[in-house]
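Dropping a structure here in structure tokens format, bear with me for questions.
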């Protein structure tokens, strides 16, 4: 969880730069603020479980950052946390359910479909790759690695998309040719979460 | 008279540039507008005497241009014209009286003393030189030539003065080192008037 | 960046403090960026807001006959769901609350979620979405038209309807009808600078201007060469008139809005030009405003809004109202 | 130069036409740049004016309780004697006319000559000279302090005195006392561009600002590095307070004025800062305004004016008045 907060805070300049190409250039500012506050709150706790950490992150985004990412990522983390409620450690099935809940939250609120050039274009292929790996009998760790690869590819695929929702959609065809900012932060988030679990599973 | 209107219109860029160094850079705009309108009005007349021409110029400056130069040059020309009233041609005594009336008008209104860095610093030495030449028994033409030399020297002398009146006076010491805009236009006016008379006297 | 500020992170609280200090009828909800009336009234309460940087909007339009509260986010960033919910709670009456929201994803989500939460608490809450930016084609392929300066006229219509004692559904219906009757288009002569960014959001050449830009410095629909005030006015009005289907004989209200750094001299010249152009089109301007209503920080340029009016809507625009940034139309 | 204009030579007539079209109480004297009230009143009439480029001043302050007419010259150029005389004739009553003139040679000469001519025609006419720019040392070695934004408060005091039915000598005396009680200082973040010149009158570096500049883009008293709003406010107030001999316990009116291109956000931050600073000095701000009152075309920056008030002068500032650019103090 700390890794998650740290990477977003560290990479906020890059995220804003991506947002500046087709949006208003504040994605990193918004995300950085939310994750910095959440990180501080987490560090103040003696200890916390993953669902507790996710819940705190979701709450912070919802109550403190505003913008479009506050509610979208806020409910994303809140709903993921609810699926895991009470659990101290999680297995592949939990993780899959968690991703599904996060995706449902984002789509329920923002109504973005795959291909609309948003974070959905990272969540969808990432969770599909994870589920497919599990179905093929791969280990949890292998499935998480598949998720990482798919998330990065999903981000890369947003480059050639035309935005259909959000601020960038007003540019129409001119939104093609650059990565999507929300997809970029989502790739960081999913890859970092997966890396944390992989590390945990290895010990 | 046409020469007078034409030279001011032609040199307006230069006058504004001088004004820009210590004032607000509009002396040429103001003067150019007044002399252009007066020139058009004069050209529309079948014929006019010198006093009639000066009166029209004074009226135009007073009613159409505003700024500080409207009233100062306006009464300058109006009062010069009144001294000559009804005269068709003029001698050295008339010319001397005319300059005295012009100076009195400018000083009566603007209260500038010699050395204050204004057009007064051209009128005073120019009329003194003219009167001295006449007193020495020089011809009208020679006296006019003396006036031209003195006007130019008077202008040059404003360079080292500190403005005591008008917009530039707020700069204090910083107004030293550049010519005065009103003195520059006044030098043009007196030299051109004198040149016209010299030409007339030669024919 | 040269700005009369102390610190980019404190611009929002400091300017809100300045506003309430200068406006005896307003107060700041403690520890928040919610501004509200000193004394609340019966009947439907109106809440507006959005990112900061649009001053005097939105808090400048709080007062009798207009808004009851405004929620301000960071510069160009929607306020959080919690902040909106706080504002709703602070002004809620049994008659309910109408949220006037501009069409941006962030504003829609945060105001929309807050309205849901309010309803869950038993507060009747409804949302209207303003999408007056006719520079853009709306369609399924994008997020629809943005809400820009015409929002101020929606505040006024809804504020008068609420002050007249209408119920929530009726105030909402009048606001929605006003939105449907409204179109705006803007031209920028210069970009704007977000204090935290410290540099302009885009660059324009010496003689380049941008048509149909957004109020957050988002790209416009077209970059063109500088033209005369008359010509630019014509371009803006052509688009709004065509998109809103206005015809000779129609009656409209006209709002000439300073985007932030436009001198009064230029606004008056544009207003004169717009009035002449509309007259030539046979469109009757029943009311007109020219001033600083909803800005994009320090952007030079202006927007023109037209709202089609009938006698009833005109009466809403004319109804008595008093707020720091409101002036009666002429 | 990017400006919403049609032609530099037509900015003045076009903006005045825009203003009167937007202000039903005002009209333009035909073929002139004189704006006056639709209906004139009994009693002393007030005439103000000067070069254009200071919008909304001066014509924006015409109306009941304020001015009766304003004469506008070319941009930054005093109107001609004839134009001023026309305005005087148009509003003259048997009670006479008071001319409110800012201390510039051109304005003094043209308004002064016009007053003389009016008297010769039997119209009682008096002149007061506003010289509130405390940035400058006044003395026999210069033309004295300039008149700047505080002029607007002089309009208000004199306007209320005239509306109260005082005679010419008494209105003049109140105006002169108000001028003596008034000090202003400005800071510019950017130069201004005269439309006919097409380029800025001076240049400022990326982080340079100018203190004590004039409202025509004349040089200021000092060029310094950009500083915080709090610090700049302190510098301006230090000077005005010292020059006007203000002390703890004194009561003042405060005018925070936009020089042309300053966003509302920044004005509010400066206003907050000025109120806090004056409070810390023990000087009681009885009334405050923050807005666009008297500008230098498109200059970014602001001026702070303080007018010492007692109960009588405060009553003049509070007296009812209505003009396009006037708002009641808070």
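Things to note:
Note that the chains take the letters A, B, C and D in the order they are written out, and that residue 1 is the start of every chain.
Here, a contact is a pair of C-beta atoms (placed from the backbone, for glycine too) under 8 Å apart; a residue touches a chain by one contact, two chains touch by 3 or more.
Owing to the predicted nature of the structure, the values given are computational and were not obtained by experimental measurement.
Chain B has its Cα centroid 79 Å from the Cα centroid of chain A.
Centre-to-centre, using mean CA coordinates, chain A is 57 Å away from chain D.
Centroid to centroid, with C-alpha atoms defining each point, chain C and chain D lie 30 Å apart. Within chain A, contacts with two or more other chains are made by no residue at all.
Among the residues of chain D, none is found touching two or more other chains. The touch graph of these protein chains is an open line. Chain pairs that touch one another: A-C, B-D, C-D.
Chain D makes touch with chain C in their complex at residues 2-7, 11, 14-19, 21-24, 52-53, 55-56, 60, 189-190, 206-207, 209, 226, 228-230, 232, 260-273, 275, 288, 290, 292, 295, 297-298, 300-302, 330. Note for the complex: chain D touches chain B at residues 51, 73-74, 76-83, 104-106, 109-110, 113, 136, 140-143, 146, 194, 196-197, 201, 214, 216-219. The residues of chain A lying in touch with chain C in their complex are 20, 23-26, 29-30, 33, 62-72, 74, 109-110, 162-167, 169-172, 174.
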